[in-house]
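Next come two complexes, and both contain chain A; in the first it sits with chain B, in the second with chain C.
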Partner chain A sequence: MFAGPAQPRAAYRRIYERLSQLGAPELARRHQVAMGMLRNHGITFAVYPDEQGIEKVFPFDVIPRVISARAWRRLEAGLRQRVQTLNHFLEDIYGRKRILRQRAIPPEVVLSSPQYMREMDGFPVPQGIHCHIAGIDLVRDQRGDFLVLEDNLRTPSGVSYVLANRQVMKRVLPDLFAGYPVRPVEGYTHLLLRNLRWLAAREAAEPTVVLLTPGIHNSAYYEHLYLARQMGIELVEGTDLLVDRDQVFMRTTRGLRRVHVIYRRVDDEWLDPVFGRPDSIVGVPGLVAAYRAGGVVLANGIGNGVADDKAVYSLIPTLIKYYLGEDPILPNVPTYLCALDDQRRHVLAHLEQMVVKTVDGSGGYGMLIGPESSRRQQEAFRRQIEAHPRAFIAQPVVSLSVQPVLDGSRLRPCHQDLRPFVLSGPDVDVIPGGLTRVALKAGSLVVNSSQGGGSRDTWVLGALGSGDSEVA
Partner chain B sequence: MLERSYHLARILEVHVALSLDRRDEPGAGFWNALLELAGWPPPGSVDRREQATELVVAGSAGPSVRRSVAAARTAAQAVRPSLPSELYEAVNALHWRLQEDGWDSDLHGYLMDVQMTVHLVDALLEDAMSHDEARDFVRLGKFLERADNVVALVVRKSVELAEAPEDALEWTAVLKCCFSFESYRARYSAPVTPEQVVGFLLLDPDLPRSARFAVNAAQESVRRIDERAGSRPRRLLAGLHNLFENADAAQVARRPREFEVDFRALRQPLEEALAATYFRPSRVASAVPAGEGGGRVPQQQQ
Partner chain C sequence: MSRFEIIHETRFEYSAPISETVMELRLRPQDGGGQRCLDFHLEVEPRAGIRGYRDGYGNQVHYFNLLRDHPRLRVTSRSLVETGLPARREVDGAALVLDYLRPRPPAGDVPGVRRLAARHRPATSEPAAMEAALDSLALAISRDFVYDTTVTTVYSSVEQVLELRAGVCQDFAHLFIAAARALGAPARYVSGYIHVPGPEALTEGASHAWAEAWVEGRGWLGYDATHPVRAGANHVRVAVGRDYRDAAPTRGVYVGAATGAMEVRVSTRPV
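Take a look at the complex of A and B:
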């Protein structure tokens, strides 16, 4: 945001001037109004280990993040390239396995992934799309370059906060908004509904689409409810559905109704007690068999986890080259696979400088942030890595870009990341914006809401403006 | 007038949000269209803030939100003995809140206050007030005003958006202006289309925000107020009822102006008939049949 002390970059100049005019007390008041709106709307999330209660308002910062039109064009192209590649990859490894047979990547990295679902082998998914909704986490390094931190291809959440943050900003600071050509994000649910209906267009002229939620205790329940309502589709739990002769039906007061497409927000292992965990009470018995028989479409597909496995992540530049014949537009954060002997040795020798993650972890849990860790924590991770090398990857600490957040009446720099959402249907669409998550704890690099993170609105500018030549 | 203040608050809130979603600063056309929706002449200014000031407080060309609430309060004062105390107090308290300075520092909060208070008044009307003639008169005014507002909004938006019929965000905004987006979604799990929106907002018999529902509700109230089947208000309301009953959504979507002309042809005489039949004391008295009091006003008890 700043090029130097009290020197805002061009893209932020008007924001800085307007916020300065408002002054700290008025800004603090508007922040309170924003938080009140989020609370009243019920825009909360659940934190399971919190003994104080499980419902919290997602912290919100009123200073928006601005991305210039030029920077966004590059990001959009890179995200589209990445998601297209990941769809090709999933289609290949659950189909002909060309990339594995040709050993373009080490097959064991894929085949040893706990998220690789052999049950999906040879199953042609509708329209060849496995990943209909993707959330790609990006960070910006000190030079201003965007890097991909991780891919979320299973049940990515957070888009409701993107839409809610925009609504709040338009209401709390409309004058600030009016000074910028900000691209709207409200088209997201229209696009998603169009894509979901398109998946069953051959089956029915008016297909029935539902959103399957684990229920009210899920941390993203608000989002499930919000999306279902905005799209006009039924929000269902596992007990609302049943499978009969490989077709899925919804129980209604007027009898059973055929379901054609399920936007599922239940993880693979819980989706069907016959297929995954037998103790699942949020799934639907027989659902996976119906899916395999072509009786219903699932979005996202089953088995996508192999493509967002953090070990496979390190291979994505190779995949882009292999499937598209292109160089990656968005680079990865350098990543070491602990499964490979030489890379593991390097990681273990530099644990105090590394961020170590489990390959299928999420939510900021199960991580070691080397520079912030104790000797004891490092030793615990060392033992785990040696025992289960395939389960870990490591990355050097990226010096993330910072942007000020409003902390009472003063500004304080905080690290942030960005999760744009990509929808795959007849076209691949990137929503202009995304969820900017902010590490609100002083000095923290963890942006997850469950660990003290918050969010802010993300403004993608729609026209070449004064900020276009600068890093925004 | 409360219904009018609600309508103004709603369309202003939706359109301010819409203006902020544009990449360019909306020009005169955008604000002209908004003012037209409010039933006002084109503005002299194209500035968002000035337009908001006009519609919220100033009202130099028509009744603003603040002035509409003030008028509703005056009307409530006139019939205060017939209203539950809580209902009058809700309107009165809103009036005083809206008179305070600082509306522009939280326009959304200001407009939401109007909307939520009107919902509260509606709830008090239904749940705390005797379902008698006084309630029916309040409902009659409310629903006729609603029918007017919805017809005007849908017709003008249909004409305005004729060039861009696929603009889902604009049509979503039309639904939101009528507090009907979620109801629409509960009905249609499909892309937002002009024909469905027009059909839903004008012709749906079950949506409380639709023009048809409003006309039917007004008709029911007049039936309860006036038992004479041949009275002019009842005949004109029956005509309006038939207009909505027989309308075809596709045709209305294609020729919205024609529908509006037909609507106005009945609505204008209805307004006059209601005034002449129920609000001019001499006519009311002469309308009471002989043998039922003969129009004599009973003596007040001392």
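Take a look at the complex of A and C:
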């Protein structure tokens, strides 16, 4: 946001001027109003390690992030390219396995993934779509280039904050929008519902779509509730559904009602106790067999985790070339696979400079942030990496771009990332915006909501404006 | 070449009527790998509509939902199988079976498994050396572990089996699989039947389980760590998977406030 000390970049100049005119006490008051609105919206999340006060409002920062039309065009093309590639990849490895047979990538990296589900091998997913909803995490380095940090292709969450943050901003700081051609994000739920209904268009003229949630104890339960309400569809739990002769029905006060499409926010293993974990009480017995038989469509597909595995991630630039014959538009963050001997040796020799992650982890849990870690933490990771090398990857710490947040009445620089959402249906669409998460803990690099991160509204500009050359 | 008729009956008895059963069955003997299923008949009582699909392991799955009250359930399959046929050797495709190297419970990568594997490390990197090492592994398991139907359950892990030094065919198959993977051989679980003439057969009246390991240039080889022999014309392959859970003859859930008991009877008869 700042080009130099207290010199806001062009795109932020008006925002900065207006915020200065308001003055610190008024800004603090509006921030309080915003937090109150989010609470009333039910935009909360649960934090697992925190025993008390399980639900919290995701901290909100009133300073928006601005992305120029030009930067967004490139980002959008890159995201589309990436999600199309990941879909081709899933279609291939659960189908003909051309890329593995030709050894265009090391087959062991794919097949050793704990998220590779051979049980779904050979099943043709409806319309050939595996990742209907993807959330791709990006960071911007100090040169201003966007890099992909990780892909989320299973049950990505966070879009409710994108929608709610915009609503709150419009109410709390309406003046800020003047002169900024901010593209709307509200079309997301319409687009998602349209895509979900399209999946069953051959089955029914008016397909019934439901959102399946693990229930109130899930960290994203409020998002499930919010999205179901926005789309005007039923929010159901496993016990609300039953399977009969390959069809899925919802129990209602007026009897059983056929369900054609399930936007499921329950993970693969818990979806159906006959298919996955037998102790799952949040799933629906027989659901996966009904899905195979074509009686219901699931979004997202099953087994997507192999494509967002962090070791497979390192191969994505190769996958883009292989499936699309194109050069990657969005680069990866350099990644070391601990499964490979030479790369592991390098990681172990430079632990204090690395971010170490488990290949199938999410939510910022179980990470080692080298520069912030103690000797003891590093030693603990060293032992774990040596015992289970395939379970870990490491990345050098990326020097992230920073943007100030409001800390009390002062501005303080903070690291941030961006999670845009990509919807695949008849077309691949990216909503113009995304979830910008900021590391609110001073100096922290972790932006996950479960680790003390917050969020801010993200403005994608619709036309080339004055700030186009210099936008952070 | 041999021919067997196999009758496999599974009975579930509940302490009170239950309202729903959802069940998958992996009971149809496979075609290929040196055998052919000539006839297969499946019956579920109370009657239920049976549907089917082929799972990602290539197993034929039958399944049903029973949505009315029932105090008991019986599943009977009758198969006619020809074994000992010439098998087509799968020589390439090693790159496609590497997921069978990944350890997971119950066949986990635990210290005891690593120690067991270390005692049977192949002398050279030649496929023949691996093949022989796996023979010695199967032999060691059958020699050092006691066949005892009373000490383990279908959920027992290799840690428990290593501690007990006893178990049944399922446990020995899991132990073999875990150790073979530790040696670098992709390995999978086979659920099926074995015909052993005479009344003293270990697995009399029950289904059987053994393992297959992928050896470069040889394809999948069957190792029976219970008897111990290479799987041959007396073995009937029904389903494969990473472990018992993928290949289990029956797998399902029931809805109702009752406790259940299961009884299995298998007969194999040469015809």
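Rule of thumb we're sticking to: the second predicted complex is superposed on the first by the 471 of 472 C-alpha atoms of A that agree within 3 Å, B and C clash if a C-alpha of one lies under 4 Å from a C-alpha of the other, contacts with A are read in each partner's own complex, and residues count from 1 in each chain.
Quick note on the criterion: contacts are C-beta pairs under 8 Å (C-beta built on N, C-alpha and C of every residue); 3 or more make two chains touch, one makes a residue touch a chain.
In this text the structure is predicted, and so the values were computed from the model without any measurement.
With the C-alpha superposition on chain A as described, chain C and chain B fit side by side in the combined arrangement. Contacts of A:P174 after superposition: chain B is touched, whereas chain C is not reached. In the superposition on chain A, contact of A:L324 is made with neither chain B nor chain C. When the two structures are aligned on the shared chain, A:G232 is found in touch with chain B, with no touch to chain C. Once the two complexes are overlaid on the shared chain, A:A24 sits clear of chain B and of chain C alike.
Our angle of interest has its tip at the CA centre of chain A and reaches the CA centres of chain B and chain C; in the overlay it is 120°, to the nearest 10. Of the two partner chains, neither chain B nor chain C is touched by A:A77. By the touch criterion stated above, A:E108 is placed in contact with chain C alone, chain B being left untouched. Taking the two complexes aligned on chain A, the least Cα distance separating chain B from chain C is 29 Å.
Overlap of the chain B and chain C interfaces on chain A comprises no residues. Contacts from chain B toward chain A in the complex involve residues 16-17, 19-25, 48-49, 105-109, 168-169, 172, 182, 184-192.
Chain contact summary for the complex, chain A toward chain C: residues 94, 97, 100-101, 103, 107-108, 111-112, 114, 116-123, 242-246, 273-274, 278, 285-286, 289, 292-293.
For chain C in complex with chain A, the touching residues are 20, 22-24, 49, 51, 53-57, 61, 63, 65, 67, 95-99, 101-102, 104, 242, 246, 251-253, 255.
Those residues of chain A that touch chain B in the shared complex are 26, 30, 33, 37, 167, 170-172, 174-175, 177-178, 181-184, 186-187, 190, 193-194, 197, 206, 208-209, 229-233, 462-463.
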